[in-house]
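Note that the chains are named A, B, C, D, E and F in the order they appear, and that numbering of residues resets to 1 at the start of each chain.
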């Protein structure tokens, strides 16, 4: 039993697990960077600031629910030891990318600049969305690695729309955009189910590209070990997780709840397995809409998901 | 990612997925009919209008949460294509059967008349309850098919009571009543668990009749594929689903939440498998009590359940 | 379908399933005793009365949601017949152990005295916590059996702390304390996951003792049947269940919700299997924090868990 | 500061302030009787059991929130001393009038029989509705006093409809029905505001009868002292209070919340003033719909309203 | 007692009180027009679509809670007869002004164009915000009347900021902007209290202009009749009501709840009195944030406020 | 219109209005000190940490809802200018008095020590409770002023119990304890209503002492100006406010909601009037139970109440 802290003056953490806030990236010196990108590219006025914009700070706040010292120093059965395994690994929180009301492209440009700097120092990046549009500038920045990268995509939806309302970089298009980036090689899409952004044409385009589409029901039938075997090569990888890929019984805080999603045991196995297969250069967790959370269950799963990524990357020897 | 629409004046759908409202059944010409039956037969004054009476309209409203155009025209991974697979299949919503305060038997008589007309034109019927009493007039109307029908029953409870408080056609009695209809042949009951309407005598009666009772725990142990194999013959079938047969983690909106129910993956497999085995003449979804929903999770599963039934029936060649 | 009762004056049950209240234990004559222990040993002032203190009465109230007559007289598919199988088995509710504000050790002393009396008449004890500290006086009282007892522990956390803030008998220490009782022999700990009370040192101490630690992920991989096989011998057993061992999708009413816990099908199988392996002298269900419940789902699972324990003990021939 | 009790087994009160439950009225010997009448006469099936049907028991439960001993023995500043002023005054709770599903008129007949017995022994009656239809049988029973009675009516609405959907004894008609009872003499209607049951014709009928209609705005302008002066004579009176006459900021638990209602200071002054003017033979409090309460504010005002009526009647020398 | 309707398919009203929707204003022929303006001019990205943007449709929906027929045909005690007093007065709902994501000034231009057309046919305009910025284009359109207009402003805040974040037409600036319009003459500001947009400089500017600032506490001391006397002349007037001017006990659905606001009796008296003093060319009700409503109390007061304006304007002879 | 800030990393305030945190009082140099005293003296174990213990931090957090810069620099109509009127007045937040689990008297001793230091430097003290017991050590510390002090007490209850469960310094006894302190002279008790801690004996004791008891109804009848005239002399005063003295429509966050309390306009007038009559050495605001708040209305009134005290003390020339 760990306990829920009552906060006294002075102790409320404002960054992810109270890791230091670093906003000047010119001399970034870190192993892992956390970055919030609250704003995607809207399809209409009322979507400029959606509920997902609140997610980066909401996830940070959720990390104040468990004892911070516990998370860093106590034994974590999910990962078989303390978070960083007693090693001197540097994690920083880079805050949120700011937006400009008079220039909607500005925050994508800034997001890309920031992530290029982070990737440029070979720092592992964990991005907190925002909607799924925000993966686009992050994946653009992957160019700096000058190597073919396999994209692993967890989602209930295909996200291969060319455009919606004339906007080509919104939350329905990240995988189509990725497919057009020369440094993105193989694409594996896991958890597809229900209806969504895709029409028959988009499905055909994805298949024509060579995307390996694994529906939720295929996954439930064959199991996550078999899915891991289907993911090609030994990296490097980029992992993008739309929260609605996860089952709504444990991740209700999404706009498009869809029955039949990944269970916790499955997504945890995917993270551990992928990190072990090869280097995962970065991951994002997008489309969490905090106002739809029930109790705190979505936030707790989000926090654990990120800690499992960090902890398993430590065990996989990512940091020397 | 699909999105939750903000409704503007004039766009709120009032029928299931905005399918046309047809209340004059004399010249019914449809492949599938949706019908609401809000009122069962009460055991006491306070049960005349129960929360389940609100379910037909609540389920219709839930279908306005996803983009209607999406549901009809977009790719649905649950069923491998768009809802109607691009075919010209006619679905109508027949509204709700009205009740008469001064004659409690009136709405059952009307429900039976209406369903006889629907079955009389070989139209597939999807009934939205109401409590489980409302299956009784629907199953009576199955007489028009003049053929033995196998009844498949999903529920946490047996529903074999002869009467409660003198009432023989209430929500505790639908399967006992079905067993007395000459056109009902085999009965398979799936998901039994916890306590409920049945005493030892009712269990013995059901077994004496030859009902194949598959408890939830048997089902979890052997899997839904094996359960499908146990369902006899190749139809025709009638499928009655009490929402409390489904697990309360994803279907909390019921009066008698019971641990250990069918998961989404299991009920979806049952629907697809049964529709493929033989013609399912109709199905009902009963006992949803909207006020107990958590967020919108019950409604989302209800909507998907019905769409999976429609979509798989299209693929099974029901409509020529 | 069972129904939710509307209570009229005079019918609100105040004991577990309306079993008789027995507070004078001098001439206790019962097969099974229910006992509430609301208060653990606090680590700080604000923890003296925690939300878990409300759980014993909240669980009792939850047993008023289903028809009491149903629970005792109707067929329960979980256990294959009515609760007591028609037998004359005596169950009593002993109320709650009271606390003394000026002497914090008093309620532990009283709890131990009471449970010694209960165990002294070979009565099966079902204890409702309270936080996990309350298992300590109960396990102390197991001394009266003068036989080595295997402890089966379901939890997300290890609970092997020696002390917290100088307190050695709080909710982080029950299994460490048990390991020091001569009458506790083997220890099996099921469901460990996430972070918690344990640091590396505590894990090493548990392993050095010989505790068989089965993480949640091991359990999900091998299944509960294999876990049951790993539990040694044929009893006697004591079973302590921290509610956070169970998955938060069905047991949200805990302080430390942790992803990946036991499903209902797994915990039910554990209870039935353990009771069948050998005599379970008593069980406790602790750490339920009623205010975090969602709808009523935690309480419904708590009630079913206890009924499954009672019902399977009847079938296992515990009562002659 | 009084305190909110945590209930232990055995102490939950089931009657109003734990006054004795008396259901056999043949030898009624009491000064004040409390009676619940949950069911009015419905206009349509879904209104048979409305939320107001839950009010009698909800109000009784609310009286368990303050310490019962306090209410009877402690100083009450509202009424200037303890509730009964230390006198031996007998208050009984007669429970709820039962309804009959097959004969809608039955509960009105029973309500009238019961209240005739209560009035027949000159017992002061406090009736808890139910909707406003339930005042009709109570006012019919006033016939036993064989004297002209002034009716004082607090409401946002006029309630002079002759019928709705053919039903002449529903919640829109109590004052019209009262005007046709020979023993009802003057009628004063206080708090009218907003729209409601009345059309122009009903207003004209009320005025033609001689009803003194005092709108909420007239009352706010002249004050409650002036309103009291306008109430004719020195009794006897019957007082019927529709909860929606009171302002929704303090009485939100009504179906038809209407701005501008009576404040607490005003309604308290009305009760004290009327009781002092002459004998109030009985009062009813109707149309409370518990599910619309915010926190517990409606219930707290309901409880205080009734205690002020009891306490001021004691001071006015009603009981010898 | 009026009743809350259960909506059946086909009856959900989508315009204010189901008045006809008129979106082509070229041949507008109406006495009163309702117009929604959801979007103000944002100070930052996250404020583009604020919760107030949902208010126009939320208020329209609230008018479906009471029986529509009642509101038009039944006696309304607030205004002494039916809404339109049986006269043939035409009210239309013009829907919402649309916004353009790529040109933030567009919706203000459209709002001004639309309101110029409405004022150009001497139609009384009732505008539903949106935040308080939306009064700016409406007051600009008042130019068409070519006459000095007295502005009556109800608010907790002064709203005289020149700019915020460079934006001069946001919700902090409407009265400063009005003071610069040649056709706005006298300004009376009622209900000022608490802190807000104004610094000392803004207060001095307002006083220098000649604004008659009546703080909430002055108003509570002297009463609304005296405030009405202080409002100069006999019109014409424009009335702008920021919902936070009203007391948060009855209007919680605002961003900046401030103690001590106008009571319902006061604001109703202001509306009736002002309409009687002279012609009120239009009114707006802004800054309602539906998500902060408690129960439905804000919406009920909003609906009543508008009906009182309509009803009193009918009695004041506005429509011939 | 002010706005609700979305907090970004680094900006969450942890002290009252972000005033500096000063925990070393040896060299205290301030004009006004804020102090939290979370723990009273419990009557039973479950009351050690009551919900009121959370109030000091909850009130501090509430001050983060309005823009901090606004509160300090913007015009506040409640007090006629900015909070400190542009003067260099020093306000500090001294955090919370800590409790000791093994010595219940310890926090009272510490509270008294701290407040003696604060009063010893002639600093105005604003104490945030905790329950009403916490006024006792604060009033003890008033001894350092060596002058007779008039106690002004706002409450629904008399608080003259000698003891409860043997405890003489709990929340039912602060005014009795004050009456026994030689430095407390006159006592005025405002807002008494409903039932509560007092029995007839306590009322007699208070009157015998000479306490001027002004019931809520007397106050509503005569007005707050007359009440101010009844408060004797020209100070110094101590002001203790039990939140349940205020009306539950605007202060629902209390344990013992009681109809008919002080309105905001009344309590604000009392504060301004009393501060003007003479020096108020300190005030406390106690018995706020955050979990019962509705929306945020109690917290908003609490924040305004304290700001009105600070602002009016600045205008009254308290700080040179």
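Rule of thumb we're sticking to: a residue touches a chain if its C-beta (ideal position, glycine included) is under 8 Å from a C-beta of that chain, and two chains touch if they have at least 3 such contacts.
Keep in mind the model is a prediction, meaning the values are calculated, not measured.
Novice: List every chain that touches both chain A and chain F.
Specialist: Under the touch definition, chain A and chain F have C, E as mutual neighbours.
Novice: Of the pairs B-D, D-E or C-F, which one shares over half of its contact pairs with D-F?
Specialist: That would be D-E, since it shares over half of the contact pairs of D-F.
Novice: Between chain B and chain C, tell me the centre distance in angstrom, where each centre is the average of that chain's C-alpha atoms.
Specialist: 38
Novice: Starting from the mean Cα coordinates of chain C and chain D, work out the distance between those two points in Å.
Specialist: 48
Novice: How many angstrom lie between the CA centroids of chain C and chain E, rounded to a whole number?
Specialist: The answer is 60 Å.
Novice: Please list all residues of chain A that touch 2 or more other chains.
Specialist: 6, 46, 249, 294
Novice: Within the complex, which stretch of chain F touches chain E?
Specialist: That would be residues 1-4, 6, 66, 70-71, 73-78, 81-82, 249-250, 264-265, 268, 294-297, 300-301, 304 of chain F.
Novice: Which residues of chain E touch chain F in the complex?
Specialist: Interface residues on chain E, with respect to chain F: 43, 46-47, 131-132, 155-159, 171-172, 192-200, 202-203, 215-217, 220, 242, 244, 248-249, 252, 255-260, 287, 292, 294.
Novice: Would you pull the chain F residues touching chain C in the complex into a rising list?
Specialist: Interface residues on chain F, with respect to chain C: 38-39, 42, 44-49, 53, 99-101, 104.
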